[in-house]
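Chain naming follows the written order as A, B, C, D, E and F, and within any one chain the residues start at number 1.
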């Protein structure tokens, strides 16, 4: 059976292609701005990803959480560091965020497992 | 395999029947007011549907988005017009709305395909 | 086929275990505070559950709604009482809450069915 | 100097008059439904007010909080009971609710002071 | 005494100047995209302003509401048309939007008064 | 005339005192947990403050924004770094965040002015 995180990846890829087939300029430029925003600047790219992860948690968007978990793991954050960002998000956003923290815990288990495999 | 949009239609229908079996007056009157609000008035019914679509996007409710996409397509809006409403919603609601814009792109592909078939 | 409510129960249980494997103190203490908050105090535990159900509805979190529906049914609230809380939530939160009221109606049918069976 | 709560009362009254001068039927019927929803039913009116107070807290609307604080105090809830509803709202809605809990504490001091005066 | 709407205009102007003194590229490009999005396209600029007004109402942002009320009045929408958009927003966003509908009613009275004066 | 930031400080202090006069254990323990969460851990305290600032922006809470701006300035972040966090928040949260970015720009001007004075 495919892991839910793989289904998410497939769905995001297919959805992005459909979204970007549009001729709508606002959408295209918004998505392009979104890609450029997370580069190194006054703040390092790593910090920006962590900001986005926390914002995604308090705004309670699982797809956004999965996207930024994938990136923060790839950028080298440890489980302890990511768990601290999740703790802060829980505190700021309240118990309504708990189901999203559960979702993040599922995704993190998969992502760190994947990382370990590729390191072997 | 059933398209996700068909599953949504089936689930909405079944859910509405269960919701309206209640004797609760507030819920009944709220749902009834909701039905009457989208008729032609000072603003045409078409504009009101577009307002509701944009509001559903910025409030990030996929079921609400699907409902108003179905209606706006049925009322004759073109893909370009709906894509502009989605662009505005993205700008107002931010990148947290992107997963919902992806969802809308999937639904729109299905709805315009369905429309084309019924025109043949 | 498993009822969606059973799938929710299984997923919540598995997710909670994964969430609590963390060493993060903020998350652990937050979850612990969450458990203690719903005990009898100046307000009875029953009222607190109803407050949490309504808050979960207006914040539009299906997993939170299911959790508090399960508890309110277990605590002895009637369908009419729970439907009134849902009506209030619909009014406060608006038509964007309708899909969650449909979800609640599905869950309530299951939970009261389950209760009746166990009473026989 | 006028207490902020008195300014709120004056502003709400003036605003309601202006809002209801509209000929818009949806707004008129919505406001009318809102008035009828908080009567005794399967749940007592008192419980419904407490539900609305908690929902107003987690949705972070000071004017709504003040309205339902005024009503819950008038209906005879004690400070301890209202503080428990606020505690639940804080837990569900997170630290982002703290400024609204501070606001509620200011309003409650005024409202219970007013009640005591009128009892003398 | 200055009308609150004039104070809002002054504060917005001063705030925008301070915001745009930043060298931050994301903010600058975001604000620039925001300016271009509301031009005539597949949808007329007028419709886009109405979409933004409704979105601002359901997202409960008074400054955003005032901005789009000013523009919709300037673009020639009648009070009846704007009131219908507000009614839709109330229905979608729920009673938590009522304080913002009161705010809008105050602003509209001022804006249409201003318009009438300038027509004389 | 007192600067709005000084009024905010005075109001927050007075409000906190009133909030903590309560005997409610959930509120007391929540506020205490909130104080402990921002200490150095797997992530440095500085990063946590930046996470909280971004979360406060996307959740659109001016009092929360002011609190975390005060702390981030005190902790030594530069204007450029804070402006990047604000840019990310604008992108994630959308144009509805603009009024809060204006508010932040006003507060930052005051806070960096204050810092410069105390350095002289």
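In this text, contacts are C-beta pairs under 8 Å (C-beta built on N, C-alpha and C of every residue); 3 or more make two chains touch, one makes a residue touch a chain.
Just so it is clear, the structure is predicted and the values come from calculations on it, not from any experiment.
Undergrad: Which chains, if any, touch subunit C and subunit D both?
TA: Both subunit C and subunit D are touched by A, B, E, F, going by the contact rule given at the top.
Undergrad: Going by average Cα coordinates, which chain is farthest removed from subunit D?
TA: A
Undergrad: Where centres are the averaged C-alpha coordinates, which chain has the largest centre distance to subunit F?
TA: B
Undergrad: Please work out the Cα centroid separation of subunit A and subunit F, and write it as a whole number of Å.
TA: Taking the average C-alpha coordinate of subunit A and of subunit F, the gap between them is 24 Å.
Undergrad: Go ahead and note the Å separation of the Cα centroids belonging to subunit A and subunit D.
TA: 38
Undergrad: Using the average of all C-alpha atoms in each chain as its centre, how far is it in Å between subunit D and subunit E?
TA: 27
Undergrad: Would you please write down the residue numbers of subunit D that are in contact with two or more other chains?
TA: Touching at least two other chains: 25-26, 30, 33-34, 37, 55-56, 58-59, 80, 83-84, 87-88, 90-93, 95-96.
Undergrad: Which stretch or stretches of subunit A touch subunit F in the complex?
TA: 33-34, 37-38, 41-43, 47-48, 50-52, 54-56, 58-59, 78, 80-81, 83-85, 87-89, 91-93
Undergrad: Quick check: in the complex, which residue numbers of subunit F touch subunit D?
TA: Listed in rising order, the residues are 12, 14-16, 18-19, 21-27, 30-31, 34, 55-56, 59, 61, 63-64.
Undergrad: Over in the complex, which subunit C residues touch subunit F? Could you list them?
TA: Touching subunit F: residues 25-26, 29-30, 33, 36-37 of subunit C.
Undergrad: For the complex, give me every residue of subunit D touching subunit F.
TA: Going by the criterion above, the answer is residues 60, 80, 83-84, 86-88, 90-91, 95-96, 98-99, 101-103, 105-106, 109.
Undergrad: What does subunit A use to touch subunit D in their complex?
TA: 58, 90-97
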